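Each in structure tokens, the structures are laid out below.
Each of the next two complexes has chain A plus one other chain: chain B in the first, chain C in the second.
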Partner chain A sequence: MKSLQKIDIAARDLSEEVHDANFIGAKMKSERRYAALERDYADPDKLRETAGLIKQHTLENLDTYLEKAEAALQRNGAKVHFAVDDERAKQVVLDIMNEHGCKSMVKSKSMLTEEIHLLDFLEKNGKEVVETDLGEFILQIDHDHPSHIVTPIVHKNRRGIAKSFEREGLGDYNDDPETITRRARKFLRQKYLDADVGLTGANFVSAESGRIALVTNEGNARFCMAANKVHIAIVGIEKLVPSDRELGVFLNLIGRSGTGQQLTVYNQFIGGPKSAGQPHGPEHMHVIFVDNRRSEVLASDCREILRCIRCGACLNVCPVYRQSGGHAYRSVYPGPVGAVLSPLLAGNRFPELADLPKASSLCGACNEVCPVNIPIPDLLLRLRDKAKREKAGDAMKGTPDLTMWAVLCSQPTMWKTALKMGHTMNYIPTEMIPHPSAMSWQSQRKLPKFEGGKFRKWFKNHKSN
Partner chain B sequence: MTTCLCDAFYADVAQASVEVLEYLGCDIELPDGQTCCGQPAFNAGDWASARKVLRSALKTFPGDKPIVVPSGSCAAMVFHGALLAFEKETDLPEVKALGGRTWELVDFIVHGLGITEWPGKLDAKLTFHRSCHLRGSESPQAISTLLASIEGLEVLPIDEVEQCCGFGGTFAVAFPNVSKSMGELKVENLTKPEPDIVAAADMGCMMHFGGMMDKKGIETKRMHIAQVLRDSLKNAGKI
Partner chain C sequence: MSSDRDAIFSSIRKALEPIKNPAPMPEWDTELVISRPSGEFASLKDQFENKLKFASARFMDSVDALGEFLKAEGVTIGYCDPALAGRFAGLEGVEIETEYDEAKIDVYGFGITRATAGIAESGTIMLRDQDTSARLAALAPWIHVAVIDEKDIVATIPDAIERFGDDPSIIFCTGPSKTADVEGILIEGVHGPGIQVALVI
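Entry: the complex of A and B
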């Protein structure tokens, strides 16, 4: 049907196997999240609210905190760069590599590098880049994209992965998960040793101390820095928290919210490059703060989305994500967070993604689980309003025009007449109404019997008795 | 506030709400000019139309009496959604005041009137769909409290209680495949414990998943929470 929305088509066309993998993974993570928070906290909602307030406060004073962070990082011996957009960010990374004469990079997982397409850029410029997060590594050899921000290959199965490993010369076909992991480990160990620069993201940056907090479950971020002389941390400007003290709140929430872990396995705090007081680690540390339209989002009426700590809980609980999978969102950030963030970060390509905010029944489950209490449904609604006003893209596709309905609803006399006339609806075989919205309704559900005006009549008699 | 769905399709739900409130001693008025809360347009992104409808509601419900709505989503539209839609409008204070005295039915009974026990009787097993617009409000807990106190009534727990039924107004029309899958899951979860009654506090949800049950030939009785409360009073000889 022409009027179908892209996400609905993607959900319809999703193979059963991928659907089930997404669905079961998401449901399991939601259940674990709930169990972990309920078990450990008397009032998890209070914690979420507190975390939301801390982040909101940081965002509202972002200029001050960025200055503070810059000063602290410099005190620690790091070099700080600011990149206004994706092009600039990529160029800065390349320049740093060239400055230090680096040829090959090992990197840990970072959604921001996906957002700015760093890998392609560096490869085009003659650099070797290896993803070291197992999931991201598999995506890299398959030229695929993450479908989830925490579990990027939830859409894949081990048979496919075994085939990819075989193709890449990592051993004969073997789909035993342990074998796959061992082979990846062996391959990656050598890469860690050969590389001359390690790139990481940052989960949080303490403005006060300049400390960068990184969480991983594989320990690969640490390996990325172990044998290299240069460390680059690429960071969205929204990743700041005021001081080390607040890290406790967020580190407790991020693991529990995303995967139901009390703490992510590796929590790393980077206080600067190698120095007298810090005998280990790379000699050079570069931190790149990337804006890439974040300040535009900050100035918009959807700024709360910048509180996001990328835990993935909203994806896992979202019934639309569960049915359609992450790739349906056609952007780096899928699910409820993506439905808000992706169109906002798209700039003048907003119309291309203006349909995403429509892909929600506004059930509010995302808000209920979000560790920083982002009112995602409100933000989706604001973007729907924007899309409608700007007549952007496919946003209104499949949605009946409600202008006439609004006129009817603001004219009580007309409304009452319509209610009375509505009785005739019971005599029309509604399956035959040639309106796409009526047809899709009728194909799956029966309409209730029309009884317009009946209650009002009852009430009148009831009152006069 | 009757809600447009009850006005057009579910007369008995509106009637049950009146009977329940009258039993509690309330004097009910039914402003004749009422139509809808504006939610369909608001959710569709057509905020200009939503404001038009809400302005009509402003005229229809003057004064300071509480406005009681037998639907969580319509109530939430008035006390929450409307504030977003009127953020930049000069009549925001009026809209705020309207929202401030708008209640979901059971929330009003429990937290407005202070009733925590329901003197009804209903020999049945029931599953309850916690409609999404009740999230974050006092209603779910209010509903559990009242249902738990009805003699003979057993409320059966369901799987994935937090999941949406897939209605979402125009969402169900624009995303028929996703909506259908969501609805099927909800119907399965609601009927798996083999209840006598499937109940909800919002006729929007019920129209969607109930319509699906009809299409599938599932005959389990469906009741709005107002009907459960009213019928249990009747059984106990209270009305």
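Entry: the complex of A and C
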């Protein structure tokens, strides 16, 4: 009787195995996050709030900081490029590869490259590209997509991975995680040595020094800058922070928020090509700043979402994500952050994803854990409003007509009268009310006994005292 | 390309124009980001040791201890920064090369390079490119030994950031390379060192 939204269907159709993998993984990371922050800080909220203010300040002065970062990088000997959208970004990467005569690329994890579908494009243009993050590598051989922004293969288990490795000729079937990791180590090591170019994203960019901060655990980003001669960093324009000093705030938050680590194993700060005496590493560094609708988000009333440092904490804590998994969000960015960011980045395809902001009970857990204190529930409401105004069809699906309710709520006299009559609800079988909104709401809940309607009278009598 | 630059800056400025009072930069005290110590320590070195172990890295403070360790691990050949090689010349049963030969990347069982600093707060080893004799030596072997002068152990992450200088590539290493991608199970030694040693001298 209830018509389901797409995310409900995805959650319903998820196999038990995948559901459990998502659920347990998310719960574990949430618990570790809490433990790490409480252990290490007297007032973790103060830290989160400060981080949020720093990012908001940077965003609201983005032109100044972006100019600063550009100048600093150029000073350090890096080349700076700009790309307005996905097409341009891909082309710039290809042009750089061609300019240096590069054929093969090793790359570390970058959500932005997922967003612009860089791999397909480079492969179509005759380049070899290898993902080196273990999870991303497994996704690549499976032609799959990440379901989580920090732990991309949280939806997979060792048996499936062992089968993929066997299929790809990486050894006989063996589902021991250590064996899987060693085999990947061996295979990828050769790729690092053979590649001409290493591509990375950036977690933060210090405007003052131009340094790109990269946060990883495996060491693959280090290897993408060791044996090859060209380094390309592809960066969303929202990644800036004012100076190196602020990195201290964000590094302390990102590991703890994402996986409960005090610091991720490797934090790299790359300001330019290798130093003069260094025998290894890139002689050329290219940084590509990509807009791809971020400036549109900056112009919207949801600009706070650009503070996001992609830690994944809001996914892990979200009851909807835990049930549905990341793929249910049908976009690169899943979970609460994705429910805001994906429809905004979709541009004129907004209606296709306009149902995502409704996939939330507005419980507020995402806001509470967010290291940059993004008021995600408020942003979800703003997007629901946008969907309604723009009459985005998908968003309305499964929503009964609430016009009557809306009229009632916007007319004080009618509202007062209705409340006075509320008691009659206790004498009628409410589940039988033949209005779709009432039926839909009650299909999963029971109306409690009405005991209201007395407050105004009480308040009137107690006003002066 | 420059047209992309212009387009991006103009749309950013257009987006920001209606914001009459842009959010100010918050004042924040460095104390805010310093984590609560996990105990009381007599020295920064002690705290560093404690945190290093917490991060699953190994702490050593003598060349002999390193020798024993390498022996126990059954490693016989490795690379060492030429400037440090003198200290390790007496190690028995291990062959040390001071010129990194890329063809031997899988032959070297260890790499010894200089660390610029240690961070007591987090058990982190800081490597600056200008102080690292060969990037691959600190990354490719199963065992990486970072040699840290005791006086280079700083208290906090902000202290380490202040030492960045003009170096183009700085790395904080907090423990061995690791992953939990496969079913959340922790495996050490993915692409980088499976064993991270800090040798404080």
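In this text, the second predicted complex is superposed on the first by the 399 of 465 C-alpha atoms of A that agree within 3 Å, B and C clash if a C-alpha of one lies under 4 Å from a C-alpha of the other, contacts with A are read in each partner's own complex, and residues count from 1 in each chain.
Everything below uses one rule, namely that contacts are C-beta pairs under 8 Å (C-beta built on N, C-alpha and C of every residue); 3 or more make two chains touch, one makes a residue touch a chain.
None of these values were measured; they are calculated from a predicted model.
In the superposition on chain A, A:K397 makes contact with chain B only, not with chain C.
By the touch criterion defined above, A:I138 reaches chain C but does not reach chain B. Taking chain B and chain C in turn and counting the residues of chain A each one touches, the greater count comes from C.
Once the two complexes are overlaid on the shared chain, A:A35 sits clear of chain B and of chain C alike.
By the touch criterion defined above, A:T151 lies against chain C but remains apart from chain B after alignment on the C-alpha atoms of chain A.
Contacts of A:E60 after superposition on the shared chain: chain C is touched, whereas chain B is not. Looking at the shared chain after the overlay, A:C363 reaches chain B, while chain C stays out of its contact range. When the shared chain is aligned, chain B comes close enough to touch A:Q5, but chain C does not. Touched by chain B in one complex and by chain C in the other is not one residue of chain A. Looking at the complex, you find that chain A touches chain C at residues 21, 24-25, 28, 39-42, 46-47, 50, 53-54, 56-57, 59-63, 66-67, 76-77, 81-84, 88, 92, 132-135, 138, 151-154, 156-158, 161, 177-178, 180-182, 184-185, 188-189, 192-193, 209, 211, 217-220, 222-223, 225-227, 237, 242, 244-245, 247-249, 251-252, 259, 261-275, 277-281, 289, 291, 295-296, 298-299, 303. If you check the complex, the residues on chain A that touch chain B are 3-5, 7-9, 11-12, 27, 301, 317, 319-320, 323-324, 357-365, 367-368, 378, 381-382, 384-385, 387-388, 395-400, 402-403, 405-412, 415-416, 419, 422, 437, 440-441, 443-456, 458-459, 462. Listing the residues of chain C that touch chain A in their complex gives 1, 4-5, 7-9, 11-16, 19, 22-26, 28, 30, 32-33, 35-36, 54-55, 100, 102, 105-106, 122, 124, 129-130, 132, 134-136, 139-140, 157-158, 161, 164, 166-185, 187, 189-193.
Listing the residues of chain B that touch chain A in their complex gives 2, 4, 6-12, 14-15, 18, 30, 32-36, 38, 40-47, 49-50, 52-53, 55-56, 60, 81, 84-85, 87, 132-133, 135-136, 160, 162-164, 166-168, 170-183, 185, 207-208, 210-212, 214-215.
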